[in-house]
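Below is one structure, written out as structure tokens; comments come after it.
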Amino acid sequence: MTAALHLAYWQTTTIKVLVVMGVIPLGALVLAYVFLLKMMSHMQSRLGPMEAGPHGVLQLLADAGKFLQKEDVFPERADRAVFALAPVVVLMSAFLLYVVIPAGPRLTVSNLDTGVFFALAVSSLSVLGVLMAGWSSANKYSLIGALRAAGQLIAYELPLVLGVVGVVIQAGTMSLQGIVQAQAHGALLGFKTLGEPYILPQALGFVLFIVGAQAELTQTPFDMPLAETELVAGYMVEYTGFRFLFFFMAEFGTAFAFAAIGATLFLGGWYVPGVHGTAADVLGPFVLGAKIMLVSFFIFWFRFTYPRFREDQLQAVAWKYLIPLALVNILVTGLLKVVV
Amino acid sequence: MAELPGLIKGLGVTLRTMLRPAVTVQYPHEKETPPTRSRGVIALKEENCTVCMLCARSCPDWCIYIEGHKDKAPPRREGGKPRTIQLLDRFDIDYGLCMYCGICVEVCPFDALFWSPEYEYSEVSIAELLHDKERLGDWMKTVPEPLALEAGAEVKKGAKN
Amino acid sequence: MAADAAAGEEAAAGGTPEAESPAAQATATTEAPAPVDERRQPWLEALQAELGEALVGHEIAGGDVWVRVDSRAWRRAVVACRDRLGCDYFCFLSGLDWKADVDLAAEKVWDPEAQPSAPAAGANGGYRTGVAGGDTRFQVFARLFSTSAKVGITLKADLDEEDPRVESIVSLYRGAEWHEREAWEMLGFTFDGHPGLRHIYLPGEFEGHPLRKDFPLLSRDVKPWPGLVDVEAMPGEPEGGGDAEGADAEGAGAEGGEG
Amino acid sequence: MAVVTEFQKAAYVAGQAADARVNVEIEAEGMTLNIGPQHPATHGTLRIVVRLDGEQVVWAEPVCGYMHRGYEKLTEVRTYPQVTTLVNRIDWLGSFANEVPFILAAEKLMDVEAPPRAQWIRTALFELGRLANITLFLGDMGVQLGALTPVFYAFRDREHVLNLIEAATGGRFHPNYDRIGGLKEDLPKGWVTEVKSAMSRIRTFCDEMEDLLVGNEIFETRTRGIGLVPAAVGLEYGLSGANIRASGVDWDIRRDEDSPLAWKHCDWKVWTHPDGDCFARYWVRLQEVREATKIVEQLLDGLPSGPIQAKVPRIIKVPAGEAWVHTDNPLGEMGYYVVSKGGLGPFRTKIRTPSFSNISILPWLLRGVYVPDVITILASLYFILGDIDR
């Protein structure tokens, strides 16, 4: 885009910022509507919201309107500055994730060479926001929730990162754009036309990534930090109004971003066989969107089906099973890379 | 035969349910009909009431208020004595207190009270849940015919619903 | 249930003549004695052997057994039930207040054949007590059950009216803790040796013992009974002439004429 | 004298402190956490004060009474027919089962017995009440463990049972259908066939729960070995019903006691489980639901014809006496100790509700578990607030 139109730096930056600002709420809205409101409802033999717009498509906008009208409540003993800042930090981490996700051969905010590294790093920023929220609320439920979240996010960062390492080894680059290109030009069992989506050679890595992402998103079966039946809503129990809306948007925005990263790393991103050049720039976002929905479907399907692990059990799952598996995956991938 | 892991079977259950139609009813647009015997609201057939106070007395919640007065009515047969009848001045049921037990309907010896399955009479103000005898009389339109009984039931002669 | 067994239940225990109310005595004389309950009779005999004099009343009727013990032997009786009879299941513990409820006259619970007079004072200070007898106003009673023999027993003990006090059985049945707290709160019984008698249902600052018969039930006092006859008399007729039965009869007459 | 243990003393002091409404204090030795009175896990208004060391419970003390309605006192100012509508509201999920023991106690005192058809219908509705109650538990346990979906299935399939109860009695939740000596009225036409289809739906629901929850590895790790109740301790605390059968005690009042109700005419099985943990309690209830559907079908197949009401006076006066009647209600052993002095209403009614005894074990059971397990244990003991507080 930048190359074709020769825009000034400030212009491209503004466009990128606006696009990201638009994509996050839109992505969050789409995910929340399609999966939280509709798929979950149908999985539970009901229809979900049906009143606002056809099939309730405007329900989330109505909800957002309601949240915006609500009083901005601070708990009496809250640390006001930290309390106010926490949702912003969480939302910011979701925003930063989008910077490196390519939506087409040239459609990317910033094609960092260390894209994977960057994405996984900024996704951990949300832990900071969660801890801030939990501590500053002066609520015991929040505090327990935040501490659980911190422990869990750190524990699951590892399998997530290690699961991705296999892809990085196979692609030979950490740039997300590079990984998409590697999948596009890869040859699966000698068939060059279809490319090589890494979900096939890196199936174990994909499983690790999905599990890790599920935990990072604090979704069932890893939603101990929220655990609405015991901690009510964990670290966000004291938040109302637009601050809660921030958390809500961050939750689904991050889910969207993780699904996008998953789609990019394992399903070939924007690439669809037979489409190249400018056509890929036009079709890319839609292809990526479809793949995101596919990955999200799995993430949310697990969320609506499973009960949750206890905090110590989910730590055990991470340290005893996922991390060793990830290490094995890296070892095998590395060996094959060297040998083949 | 090896069983599928429970994690996979669970996913199958939710997926199957998703592909089936939902069972819910979109309430204000479509309504379910409650069964005939539903205890929705009590209807009053005023002309049958003789102000005997049985319902008010057997109400466990004391939510029926009755006032009446005596009057002379023309004799039934030619040349008979004029009768003394009791006329209803006030018959209120406070649905804010009512427990919907149906004892009043059951004890009424003159078939003046009936159950109607109607349920849409919520109010903004609790005071309006006190239905007076006109409002209770209006419910009579919604009272259904009593149902036929299941096979093997004893048929009572002259039984009230 | 066998008909005669249930009827025999009304009869007061043979071992406690002082507890027999006149009405119960009357029925007892007319009925044939209930057949011996093979499962419960040995229980009673075992308890009689164990407790001796302290067992002051008993009754086996309608497939159930009641034993009334001296309040000082309350804990001993529970131990006997647990260890000798194998009662492993603690069902409940509660109390009875036998004070006649004069307040609950015909107006509160409608009774067409109401006797407005207060119940006649009986042999034991006006308290008409129930199965297995009783001498005082208060009784504590508990039910224990043996899940192996599938037989239960109701233990009773008379308590002093001024200072209803009995030994706690929490150390025998841990489940009794909450039940004793409830009895303490609702009836004002004191259980010696209970680890912490405090309110369980009611707020901490609550005063009074709601299940005692002299505790007023305010919801029935603040509002007049709507069942009071409120039919205005015709001019010339004496006020208040139309009482409940009058209206009833008149109405019935009118209906009969129609049909 | 009774031995007062350190723990009991601590629990006492804790309760006092809780009463003083100590809400937010974070101390070095531990943290007091108030679960409730308004909390999603307590489905009602139960409050549990737990002292935490990290995430581990040092002691816990349930505080109940937020919904105490004083039914024992209220029965004293009501007539016998008026009491049934009151006791419907004790365990509001399986409410038909509440009125049965009370009516049986009154009938025992009056020495009347309802005709067989009435007993058959009573038993069938009793079991429908059990279905309405326990199916919700089967789903709700999932919610307490984080699985949102099962409870919706429970609500979906339970609806058919509630519709049946309403079609027969007129009340979804508060049937008030039992009368002394019989029933209010006979069943409506076509009811029996509807019941048959609903029963097969409930069995399908059980299979779904088996796939969705019982077989789920996460569910098993969350419930196996959690909240162990040894049989002796459970009996001492007065645990009853499925809770004690899950500890291996083979005791079901429906089978073991000679009741006028019609269970003795059916072929069914009492399930027990040796483990005594949360999983066992869930599993036993799941089997109980399946058995209940079988009982209902058998009863309706062999439904005798005839009257449904024995001859009783129009104004019911119960002769003086005392009667204790208990049944195996959905939540456990429920019993009424009715004392009559020959009046229109009971002189005193002691209502023995299962949940009250079932949760009295909590201080013992919750020691040393983790906070999430508190919720698991609460859910698996399965209480209804109205049944605790009466």
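By letter and in written order, the chains are A, B, C and D; residue numbering begins at 1 in each of them.
We adopt the following convention: a contact is a pair of C-beta atoms (placed from the backbone, for glycine too) under 8 Å apart; a residue touches a chain by one contact, two chains touch by 3 or more.
What you see is a predicted model; the values in this text were computed from it and never measured.
Comparing chain pairs B-C and C-D by the number of C-beta pairs in contact, the larger count belongs to C-D. Subunit A and subunit C have CA centres that are 66 Å apart. Here the spacing of subunit B and subunit C, counted between their Cα centres, is 36 Å. Rounded to whole angstrom units, the spacing between the C-alpha centres of subunit C and subunit D is 25. Computed from the mean C-alpha positions, the centre of subunit B lies at a distance of 28 Å from the centre of subunit D.
The set of subunit D residues touching two or more other chains comprises 78-79, 149, 153, 156, 212-213, 216, 218-219. Multi-chain contact residues of subunit A, defined as those touching 2 or more other chains: 43-46, 304-306.
Listed for subunit B are residues 7, 10, 13-14, 17, 23, 58, each touching two or more other chains. Here, these are the chain pairs in contact: A-B, A-D, B-C, B-D, C-D.
Within the complex formed with subunit A, the subunit B residues making contact are 7, 10-11, 13-15, 17-18, 20, 22-24, 26. Remark: subunit C residues 110, 223, 225-227, 229-234, 237, 242, 244, 247-248, 250-252, 254-255, 257 touch subunit B in the complex. If you check the complex, the residues on subunit D that touch subunit C are 1-5, 8-9, 11-12, 15-16, 19, 64-65, 68, 70, 72-74, 76-79, 108-109, 111, 113, 232-233, 235-238, 240, 244, 249, 251, 256-258, 260, 315, 319-324, 326, 333, 335, 337, 339, 341-345, 347-348, 350, 352, 356-357, 360-361, 364, 389.
Interface of subunit C with subunit D (complex): residues 1, 3, 6-7, 9-10, 21, 23-24, 62-64, 66, 88-92, 94, 96-97, 101, 104, 108-113, 119, 128, 130-131, 141, 143, 147, 150, 152, 154, 167-168, 170-171, 173-175, 177-179, 186, 192-196, 198-204, 210-211, 215, 217, 220.
Put simply, subunit D touches subunit B in their complex at residues 78-79, 81-82, 84-86, 117, 149, 153, 156, 159, 163, 166-172, 174, 176, 184-192, 208, 211-220, 303-308.
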